[in-house]
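Please go over the structures that come below.
Two complexes come next, and they have one chain in common, chain A, joined by chain B in the first and chain C in the second.
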Partner chain A sequence: MLELWLGGLNGLLHVDVLFFVFLGMVIGLIFGAIPGLGGTTAIALLMPLTYGMEPFTALALAGGVMGAVPMGGSITSILLNTPGTAPNAATCLDGYPLAQQGKAGMAIGAAGSANAIGAIIGTISVLAVLPFANELVLLFGPPEFALMGLFALAVVATASRGKMLRGLVAGGLGLMIAFVGYNDIAGGERFTYGVEYLWDGIHLVPALIGLFAVAEMINLTVKGGTVAKSAAAVKITSMTSGLFETFRHLGTVLRGSLIGTTVGAIPGLGGTVVAFLSYSVTVQSSKNPETFGKGNIQGVIAPEAAICAHDCSALVPTLAFGIPAGAEMAVFMGLLVIHGMQPGPLMLRDHMVEIYGLIWALTASCVLASFVGLLFVRPLSKITLLDTRILVPLVLSTALAGSFAIDMTIENVVVTSVFGALGYLMVRYDYPRLMVVVALVLGGNIERNFHQSMLMGEGGWSVFFSRTISIILIIATVAVLSLPLFRGIFRQLWIRKAPVERSRL
Partner chain B sequence: MKRLFGTALIDYLPALALLAIALAYLATAYSYMPQARAFPVSVALATIVLVVLDLVSRTQTPAGQTLTRLFNPSALPHSADHRQQYPAMKQVFAVLSVFGFVLLIVLAGFIYAVPVYVFAATYLRGRRPLLLCLLVSVAVTIFIWALFEQFLKIELYPGLLFQES
Partner chain C sequence: MEKFTRRDLVIGASLAAPALVLTRRALGAAAFPTKNIQFVIPYAPGGGFDVYVRVIAPMMEKYLPAKVNIVPINVASGGGSRGVAQLYRAKPDGYTIGILNVPGMFILQQQQGAGAYDLSKFSWIGAMGEGERYVISVGSKSPLKTFAELKALSAKRPIKLSVTGPEGTAYAATMIGSQLLGLRTQLITGYKGSADYVVAAVRGDSDAVIAAIPTATRFVKGGSLRVLASFETHSSFPGVPDATSLGQPQLDNISVERVVAAPPGLPADIQNTLSAALNKALADPIVAKWAMENDLIMRARTPADTTQLVAQQRVFFDKWKKYLTAS
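Entry: the complex of A and B
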């Protein structure tokens, strides 16, 4: 085993291979920072360029791209509330408020270091788990996938702590939107109203650009001024404070990395769910949950650590079973096929050195990208001092062009603007946007796996109660949903009891 | 301002709008085959129940206050300050300006729409110096063109008016 790990590392330690890892990292940073592009587009565009390369070098390049995308995405999430990639939307929730307080440097520093640590933890976990991957992934079938989706929704709804009811309403809205498009279970399209574009459903990335980037640009147009309230505050921020914050909240980093590694290995859930789940669990376990969404540094650390750890663990189902954990992995599978590697159990037997090389490249890129991000903290923070009358047109133009560039359809731009208005209204009327995002990601998956489960159980519900993991997930979901109710009842009882006891004293 | 159950009528609007959307969705869902509508109908019904609870929680009745205490304790109070600070017209204009820009892109394409929008946003709305606005609009357009068309080799949308048939 150790021999294979070192073999992968040894393959990476050549000047030409390292050059391609570095090149991939630079490309990943750029693509990650531009809303709408991300790792999927980067790998798809680079794929033809790798034809002439050695398979190991091609994988190193891809690893470089995939490792750096989260850092690129977190920079725009923090500075402009514009997630470069879908998972970075979770970073916006606290990263942007920190930037508004003039603490963009600290937030980027924390994101970078959390990314790096998350990647290292993810790598160690994957290296340890990969030999047993087959057994682990087989524990999950359609009932578990459906229940896992419901559990993720429940956790995120309760994380809108103090606004659970509105969180659930937003989740309902997100699910309704998720069911738009062609239904591959019963056949035929739903809620498309004759619009051909909607047959594919609402595309996630244009919707996210709208919900966060465009909504924030509308908000800034209304408010005016600059993103950061004070120039003085931006000047004093430093990357070291972000680094210190990450190490001060090492528990949050570890928890995020653990969530990223374990949940990230489940196909279909993807980085967005992982990031929001990590954020939600951090809010739930915090002693000061009310500080989240207002600029709590743990709200940046938790999703960033999870995203990078997930990037490593997402390789497990992709490589071991040929089941892509998300769009990026699906494109990446194409790259593997081009270079004569068929994802699946045989790949684990025949190409272990390449796999370990890829994992090392991905980790190296994550760590390297974090350093590069940290180096540019100060100049990047200055963006938050730009007059919104100049910033808004620039960001809006780039965001809409990025939305168009996803698959060259102008309808994406229309979707982005509609979701921009929706996002603004949700902020204005205090409905949490994170539920819409998670519901959009999970809606189709939950429905598909639910129907498959019912087919497995021949129309009976017993299929959901026949396996241990299913039962654990059901209990966990009920517990998470009833938590605020019990908390409220106990609080009321405590308030009523307290004066009586005080009067006795 | 008119009030119902102690709350300004305008504060019921978001929940009422969501209720209307969920009802329309439910009606549409019933037109599909039983297997295709199973999930959408369940979700729409659940959403309607939740929106009704949200509506009740907005009232200043005992039931509303209990719901808020249990499920929505930190939901923002509907402040008149916010309405005064950011007038409705300003917000409507901000949203419409985005839709206007998108319409311009659909009609004239990115290369023409971007400079027009940037100039309008900086000069007419932002009231910045003319030269600065011209420079910014040209610079943003060149940035978009260079990034997408030259660097990424992605051909930007030319617009309905300039599209080759």
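Entry: the complex of A and C
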């Protein structure tokens, strides 16, 4: 196997191949930054260009694109509360408040370094797991996917402490929206009112652009001024402070990468959920959970590490079985087929060198993109000093155009606008948008897998208790949901033990 | 010289006009194509249909009478109906063509309602390859070794088959196929994509799966799937029964055709030009190599053949309509 690793690396170290990795990286950064476009669009557009290329080179280009997209996306998430890609929405939660405090440079620096480390850890895990990819994908079926979705919802729900009720309302709203569309289990449309666009449900990326970018632009217009409150702070923070922060919180990085890798290898949840999951877990395990959402740097590090780790491990089910772990992977699969590489069990047998080359390209691009991001931190943070009268029209038109450009449907823009209004109201009345996003992404998934499990088990519930992983997931979900309860009990005990403290309360 | 009168002008114009019109007409007909041709793909990039178009369309460019580009665009909304409607409404001048899933389009229209397009009115150009036939398979770890065993099991209890949602062709193939084979089934629906529901059978979620041959072949070669019976007239898998030996020749009618079409009312000469370019592209060595690597058969068809194919498919699926409408 070592020869294959090195073979992949060797194949990469040619000037022309490296050129394409670099080109892919630049394209990935740009497409990642522009809301609505992303890895999916980039690879779809590059497909015709790769016709004459060697398969290895085409993969290097694709790897370059996929590795750089998260970094591009995090830049706009932090500076403008505009998720460049869906997973970057999690970065908005703490990245944008940091930018408002003038610490955009630090946030971008932290995001970049978290990206790089996440990618490296993700790659190592993938290389270790790939030989067992077959068994791994076969271990997870509909019962496991349904339970995993529930577990993710539970984790994210308990992270909105102090706002539990509002979190649940937001989650309920997200679920309601998720169920719009064609029902895959029994057939028939739900809540589409005959509108053809809604056949596939509410499209996620336009909704996210509305929820975060448009909502924030409305907010800025109402308040006026600039994104960053203090120009002085913007001048001081630099990329090194960001790098420093990441290394200070290595535990967070490792945790995020671990979550990204494990969840990514299973074709169920996708990058968006992974990012929010990593975020929520970090909130849970923090000593000051109330600081999240207000500019806690860990809130940037955790999702970014998870996203990059996830992107690497999402290759596992895609290559091993031809089951794409998301839209980007689906397009990537198309690219593979055009070049004569059919994803599936044969791919792992016949094209291992190309796969390793791809993984190396992905990692290299991710690390390189982080450096590029770090280099441009100073000029980028100046964006936060732009007056809203210039910024808002610019961002708003880019966001709406990007939303339209996803698949050239004007209804996307309608969705973005509606969700923009919704997002603004949620910010105004302090409802966590996090819950809406996760519920929106997971809702359809959980329902479908639940019904499939029931069909498998012929109506009985035993199907959820028959396999090891399902049982582990059930226990984990119950544990997570009861954690706040235990914390409450602990706190009671603690207070009782220290009567001196009581007087201060 | 005599004065040039208005009468002369009128006579001159009336003599010149028909000549000009005729020349224009002649130029117009011979000059197709003069600009880029748009190829509508009603599905998302990266999917099966998308890949076919992206491989074959560039080859078609080589065989057109003039040098233009064929630009594929994806219009993936409404399960494909938006792309189909867009193609239907386009001008029938040969500059917009598209690929349609037959019988997928019939099924989709049943689910969504008659709406924006009439499938019988399209101008059919040809098809990208021979339609894919289906096979019924089990995971390699399954205790079932022959089709007879599967049939015996279905007499004892309904067998579980994994499929896509009701708007997919796999669902139709499974419903019709299991009816024809006389199997009692319980469907586990809702899997997404062509690989997902086959992996379900490999994993053991379901007892068996009815899948298209190219997909099934991949897993058979990888050692994780075993084919029990083929729906083809003559099985290409050694040692398994086929439609003939099972006494159900209709099984061979269940297929996924990738039909290339243009808006209704396309002039016959343009239709023929496009059809010839497509068929030559299918025979091109690059396409032939790609087809061989992926176990696909490229078969040339004339517009008349294609119209007949689509009509046949429609008749076949109309018969089975009642099994396919949503419950």
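Going forward, the second predicted complex is superposed on the first by the 485 of 505 C-alpha atoms of A that agree within 3 Å, B and C clash if a C-alpha of one lies under 4 Å from a C-alpha of the other, contacts with A are read in each partner's own complex, and residues count from 1 in each chain.
The rule we apply is simple: a residue touches a chain if its C-beta (ideal position, glycine included) is under 8 Å from a C-beta of that chain, and two chains touch if they have at least 3 such contacts.
Owing to the predicted nature of the structure, the values given are computational and were not obtained by experimental measurement.
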Determine, for the superposed arrangement built on chain A, whether chain B and chain C clash or fit. fit
When both partners are placed on the shared chain, which of chain B and chain C touches more of chain A: B
By the touch definition at the top of the document, which applies to A:397: first (chain B), second (chain C), both, or neither? first
Touch test for A:127: chain B only (first), chain C only (second), both, or neither? neither
Now for A:283: first (chain B), second (chain C), both, or neither, which partner does it touch? neither
Looking at A:408, would you say it contacts chain B, chain C, both, or neither? Reply first, second, both or neither. both
Go through the superposed model and pick first if A:417 touches only chain B, second if only chain C, both, or neither. first
Between chain B (first) and chain C (second), which does A:114 come into contact with in this model arrangement: first, second, both, or neither? neither
Which angle, as a multiple of 10 degrees, do chain B and chain C span at the CA centre of chain A? 90
By the touch definition at the top of the document, which applies to A:185: first (chain B), second (chain C), both, or neither? both
Between chain B (first) and chain C (second), which, if any, makes contact with A:308: first, second, both or neither? neither
Quick one: is A:451 in contact with chain B, with chain C, with both, or with neither? Answer first, second, both or neither. both
Just to confirm the value: shortest Cα separation between chain B and chain C in the superposed three-chain model, in whole Å. 7
Which residues would you name on chain A as touching chain B in one complex and chain C in the other? 183, 185-188, 408, 451
In the complex formed with chain B, which residues of chain A make contact? 34, 37, 45, 161-166, 168-169, 172-173, 175-176, 179, 183, 185-188, 190-191, 214, 217-219, 221-223, 290, 387, 389-390, 392-394, 396-398, 400-401, 404-405, 408, 410, 413-414, 416-417, 420-421, 424-425, 428-431, 446-447, 450-451, 484-485, 488-489, 492
Hey, which residues of chain B end up touching chain A in the complex? 14-15, 18, 21-22, 25, 28-29, 32-33, 35-37, 39-40, 43-44, 46-47, 50-51, 53-54, 57, 67, 69-76, 86, 90-91, 94-95, 97-99, 101-102, 105-106, 110, 114, 117-118, 121-122, 125-126, 128, 136-137, 140, 143-144, 147-148, 152-157
Chain C residues within the chain A interface of the complex: 44-47, 50-51, 54-55, 58, 73-79, 81-82, 111-112, 115, 160, 164-167, 186-196, 199-200, 202-206, 218-219, 221-224, 290, 293-294, 325-327
Show which residues of chain A lie in contact with chain C when the two form their complex. 40, 43-44, 47-48, 51, 134, 137-138, 141-142, 182-189, 196-197, 199-200, 321-324, 327, 330-335, 337-338, 340, 342-346, 349, 407-409, 448, 451-452, 455-456, 458
